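Some structures to go through are shown next.
The following pair of complexes shares a single chain, chain A, combined with chain B in the former and chain C in the latter.
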Partner chain A sequence: MTEIPEKTEGGTSRRALIAWGGAGLALGAAAAGGAVAMTRGSEDVQTVAAEAGGAIAFHGANQAGIATPVQDRLHFAAFDLATDDRAEFVQMLKDWTAAARRMTAGQAVGEGAYGGLAEAPPDDTGEALGLKPSRLTLTIGFGPGLFEKLGMADRRPDALVDLPQFSGDNLDRNRSGGDVCVQACSDDPQVAVHAVRNLARIGFGKVSVRWSQLGFGKTSSTTPEAQTPRNLLGFKDGTRNIAGTETARLKKFVWVDGTDLDDNSAWMEGGSYLVARRIRMHIEPWDRTSLQEQEDIFGRDKGEGAPVGKAKERDEPFLKAMLPDAHVRLAHPDSNHGATLLRRGYSFTDGTDGLGRLEAGLFFLAYQRDVRKGFIPVQRNLATDALNEYIQHVGSAVFAVPPGVRDKDDWWGRALFSEPSQSSEPSKSSQSSEPSKSSQSSQSSKGA
Partner chain B sequence: MRAVRLSVVTAAAAAAALAAVTGCTEKGGSGSGDGAISVTATDDRCEVSKKEFPAGHIELDIENKGSKVTEVYVLFPDDRIVTERENIGPGTKQKVTAEVKAGDYTIACKPGMKGDGIRQAVKATGGKTAKRDPRLDAAVAAYRKYAQEQADTTLPLAKTFAEAVKSGDLEAAKKAYAPSRIGWERTEPVAESFGDIDPKVDVRADGLEAGQEFTGWHRLEKSLWEDKKITAEDKTLADQLITDLTDWQKRVGKAEITPTSMANGAKELLDEVATGKVTGEEERYSHTDLVDFKANVEGAEQSYELLEPVAKENDAALVTELDKRFAALNTLLDKYRADKNSYDFTSYDKVGEADRKQLSDAVNALAEPLSKLAAAVVK
Partner chain C sequence: MTEIPEKTEGGTSRRALIAWGGAGLALGAAAAGGAVAMTRGSEDVQTVAAEAGGAIAFHGANQAGIATPVQDRLHFAAFDLATDDRAEFVQMLKDWTAAARRMTAGQAVGEGAYGGLAEAPPDDTGEALGLKPSRLTLTIGFGPGLFEKLGMADRRPDALVDLPQFSGDNLDRNRSGGDVCVQACSDDPQVAVHAVRNLARIGFGKVSVRWSQLGFGKTSSTTPEAQTPRNLLGFKDGTRNIAGTETARLKKFVWVDGTDLDDNSAWMEGGSYLVARRIRMHIEPWDRTSLQEQEDIFGRDKGEGAPVGKAKERDEPFLKAMLPDAHVRLAHPDSNHGATLLRRGYSFTDGTDGLGRLEAGLFFLAYQRDVRKGFIPVQRNLATDALNEYIQHVGSAVFAVPPGVRDKDDWWGRALFSEPSQSSEPSKSSQSSEPSKSSQSSQSSKGA
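For the complex of A and B:
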């Protein structure tokens, strides 16, 4: 997989090339860290919001938390469905949406955390009281199992494939999969944890937490930054991620387009696909690796982060100058037919393991328009990555991330759970396969 | 399985909650603003600045002018504690607050922290006296009867267990162990409200406080399953268990029970399941956790069923949900016993992690809406 760096595909090649910085790096990010991108305009607004601990708009054509400038902290949770009753699940999605709308605005869930009936537990758990919105975003995704379990297999998009086994995978099923996911990103870890905790509480009986992951430091950026975040291996990586303002690249690589879809999957228009991978790093052996070898493995120098033979981090890499198994070389879009991912990964450390080793690594999160043209080919290409000696993929999940919640009457997943855009075969309609039952039963979960 | 102190606090909290039920507790109440009640304690006197005060939030400003360490209590007419402050040293001041409904109370100072104390009768006035839905009174009465029945039926079963221990019959004792606990587990919040019985009969090795003796069911459980022998001390402990349970049987009818405490008790039973049984901590030697689990759920369901008619009027959706969740949990539990009328459950060490997760999920699915029952009953 020592592909030609300078391939061209008409007008897009230029972008793809740049993207590489992003995508190639993207994977770079997979192993390690984040990227940086450029932009301005709305950028400044976001920066101001960040400084003020402000709120990110919840409503929009796309869900927030994807192209949004990457926040500092993460709590990511994957849930199993606990019901096969579609109406009950839909009610929960509405309840979740209402709670998410409030929490992302810095408000407490439901009637709040105090002041209600003394005999009832408060709707909100309270630990985020007095904290700013801290740019909280909540992003929902639907895993492959959801469609089967709710009797709507026909609405599962083709692009939502089960990930194949990759070379070197050592997946723990208790840290993999999930029917629903929620990505909570915030500049304040307590705000992110509060959000997941409250959604899990509302979800009891409808969904149960399968696994969750805290991330303490962003390894990617969707905004230009003075400093590219370093991963736990000490390297800058993912220098050229897709920026939130790069409308064209977002459209090309991230957002699902109507032309990708048939009638049954039309609900995904404006959505994206998310691959989450828990990548454990063998920290201690890495730390004993010579500087030369570390830099060879990445294809960058450690100090500046410049590609081999270049002076600056953002200089265009010359892939052939790198060793054939260098991480950057293999992950680069030019080595992957242009495949480009939007990365939002976070470093994690869950203390130490039973052998005293740092239980740490990268919680890799990548958004893409089609997993088959994004993560899968890139990850396959990384089979010979020199970095593999120091990392191991131990968790994996894939989700279809529906489009955004448009306004106050909209809710997460509405398009999926509404009538399919009348296709020629009404029998395929999800509604026909299973009668809905207790639609009002979950209302009580909202609290008095 | 709680420590005494905790239970006392719980009782006080329950009393406060009870007061709130009457509607006379205004949020953020004035209390201190319109004049706290001064309590001046000496070695032989207990003077209060007011003998009548408005119901609601009250605050006692206590000053110990005596030479002995003292404590001050606010008591219900039956000596149940509304609130208390211990260890008030000579020459020091303390504040204590409480929410009280209209009615008669006693303020007691206990110089030297002994005896019944020096008492002052006081009265909280105004507010609305609880005017309870007669169906709720009936529910409380029925639940009180249930709690008594559980104690009454437990005693013979506990005696069978104790006799087996005393006769040194290891197998018979093991067999009688779990059944002897069912009635207790069904009504545990009531038993715990007495504070002093639970630490004697149901404490676990990990719940012992410094200096506390390990007695009761779990001590014997350890002997039977872990040590695999019955000692002379165990035989004495078996007798002690019966003595303590007899005490429970005598007192259970006098427990303070309200619709709120019933509803919260149901939720507490599920908490017991969630923190002790699902994890296998409760019956760590015998692995009979599912028997306790089932008994806890039955006790919760009993409270719920008695409160259901009123709850349904106030929150029909909640009742629908609770019916469904109770049914789902019971169905799940039935998977772990061959005969639905027996308490012969799968040993919990044979229940794998995935199955435990499933049980835990079902408990959460029930406990979350169950936590809203109290509000649905009193609103």
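For the complex of A and C:
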């Protein structure tokens, strides 16, 4: 890390705020996923090969953090609404957007941090000062409860269903649900934690954290040439994930487009739906299982990750060579009428449970165009999965992930709130307000 | 990551085990702290500038992971003894040493992983296969309870005291104590978690995990030229830490030497004492505190980290310029008769507590030559620390950290167990066995 020039203020020297130029913010759509590094202390921007320290463009037609090459670390937070005042919540979304725009560019929240008023709390909590942007992405989603609580039940998309109870579910209410979510991904965990914490701080009084999850090791790749990472069972899984560069598959399986839209979901064009599941792994019994049984259960070999009878990890699996309850066989699109998910899951370890067992597993994150055609049929099909003896779903949530923030005047969720936000009164049965598909542009002046 | 050549076995292709040459294991003392990278698939060893992917030498007079430049991530585990059979425990220590020797070199546990018997559980759990050594260090310690449980109370060092109750302590029994500890540090969390998990697996029936802690961001540096990392309060702390290159200060404050030894601690020469404290930070009230108050509490400015009235982070503080209860003033060696600790603490975030607050703080790790002259007086002096309004110690443990493993025939704790291990019967009052300082070499043949 380079030393930053200093300035002296009131007898105390402070290190000047590390300011990456804001000029790079409109660099290409987030979906392109290219990492850019910005030079310090100037407005010059250099696009370089993807590297851990760089910044991911915040603006784009889709939110970053979905098709973006998967970063190493995760901090995910689900919030409950603490207000039913729509205008207040909209103001928070604008404040969040402004903060996210700065943090993803490697800047501190607020213009005046540590040069501001000594009598006021700092605009930024400070622990990421001096750290690189580290490919931070911040991705926001709206849970089913938000629409009712803000009097907008008529704008809840049909595709945002409440997930059914699945076979084997053992859900902890305190690790499930939420009205709003923020997915922070970065190659530096301190950068991800800092971002969620500062959004929580900005949201004080409007939202409160319901649950959160740290993920330390990515278990999926959205970069086709990269090795598939291993989960905590030691296996590669999700080998044929959708890559960030596969425009056609992204369009087919991930992004909501005009053909999906109806009156209550017009605001979702360019968005996606997120299913988050905390999957506890029973590590200790698994570790005492024979190699043969482990490989039978997955339908892959452990070393290379090749499907049964095949030589290489990415060889097309021959499903009938596997046992009928093998994980790969049951999860494969061919067993699910083509259903395909974009996965961005992370391994987690939250210490030890009261019985000395590792509290560890997979925090599963999957994006899809319609939950009813994505996660739900696949998860139903996994009811007979042999792996179920060693895993258990203990947390669950579903969110509508709105489209990207297009420019500096735009803000998270604007299409959703463009008309209803005229009124701050929740109106539980406001069936009259026809959402306009062109509502985004009509609100430009409010987003500044 | 490079693709590894493949071999075909029984019709199934497996990726060959990634084998870094074992030849590099004797490369210099761990205290030198240099990272070495080994070439794959050969016995050639190249010493390169410290880099994230390299391996740290396992063998040395002192254990690695103390003076070693601090890695980015931590997995720390405290174990309870599940046996009182000394011979069984000694065998586990030998097995642990062999596994640690391989894992720190970037190898899988066991020679035959994934080429071994399909009918047996794999020797290695597999999730680090294909990952680099990532500067993994494994550091073991023995807690006070071990000596009594194994009938070796006469070999418990006087310096391994039970910590007193400190002002403000609010200790959770389930996050405190332990008979054995393993500190795994690495630049890749998956590598650290893998290492602890495999040791726990090998120790099944002999030890069980009592508690564990994941740390995601280092808060101390033992590299003098590096920037001091920031803790979750946004401040630099521990600026004047002991560097891994400061041989004189290490000798004075960290390593147990001949002048410290008596009958019951002769086995500790080259060792150290570790105090681990889980310190919860009250993040939300802190974030609503004014910049001035935050800076007054620490006795530093937030941006640069300079002591009150000074310009630069590493300027010598003028303690009397600070408020009497400023953290830097009370923790400074000049306020503690020179007491100095080597700190290797990490930030942690374990999600959210039941009240929606970030369950976050500092997992404090400090090494010292004698706890009675190190942590205890400093912590007593911090009773009036202004910071105490925003932090609380909720976990505590102390361990005697034995000297390093010297070569391939040596094993963790051999000096301690060299004579008593002749008998597998716990003998609660075995005052007769005079520990021999030359006992290490007499056991060489058993360690192989």
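Operating definition for what follows: the second predicted complex is superposed on the first by the 364 of 448 C-alpha atoms of A that agree within 3 Å, B and C clash if a C-alpha of one lies under 4 Å from a C-alpha of the other, contacts with A are read in each partner's own complex, and residues count from 1 in each chain.
By our rule, a residue touches a chain if its C-beta (ideal position, glycine included) is under 8 Å from a C-beta of that chain, and two chains touch if they have at least 3 such contacts.
This one's a predicted model, so the numbers in the text were calculated from it and none came from an experiment.
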{"item": "Chain B versus chain C as contact partner of A:120, first or second or both or neither", "value": "both"}
{"item": "Partner, of chain C and chain B, that touches more residues belonging to chain A", "value": "C"}
{"item": "Contacts of A:129 with chain B and chain C, given as first, second, both or neither", "value": "second"}
{"item": "First, second, both or neither for A:354, with chain B first and chain C second", "value": "second"}
{"item": "Contacts of A:205 with chain B and chain C, given as first, second, both or neither", "value": "first"}
{"item": "Where chain A meets both chain C and chain B, residue numbers", "value": "115, 117-121, 201, 204, 208"}
{"item": "Chain A-touching residues of chain C, taken from the complex the two chains share", "value": "1, 6, 8, 11-17, 73, 75, 77, 80, 114-122, 124-130, 174, 188-190, 193, 197, 200-201, 204, 208-214, 216-217, 227, 230-235, 283-284, 287-292, 294-295, 301-306, 308-312, 347, 349-352, 354, 356-358, 360"}
{"item": "Chain A residues within the chain B interface of the complex", "value": "82, 115, 117-121, 201, 204-206, 208, 438, 440-445, 447-448"}
{"item": "Chain A-touching residues of chain B, taken from the complex the two chains share", "value": "17, 20-21, 25, 27, 260, 263-264, 315, 317-318, 320-321, 324-325, 357, 360-361, 364-369, 371-372, 374-379"}
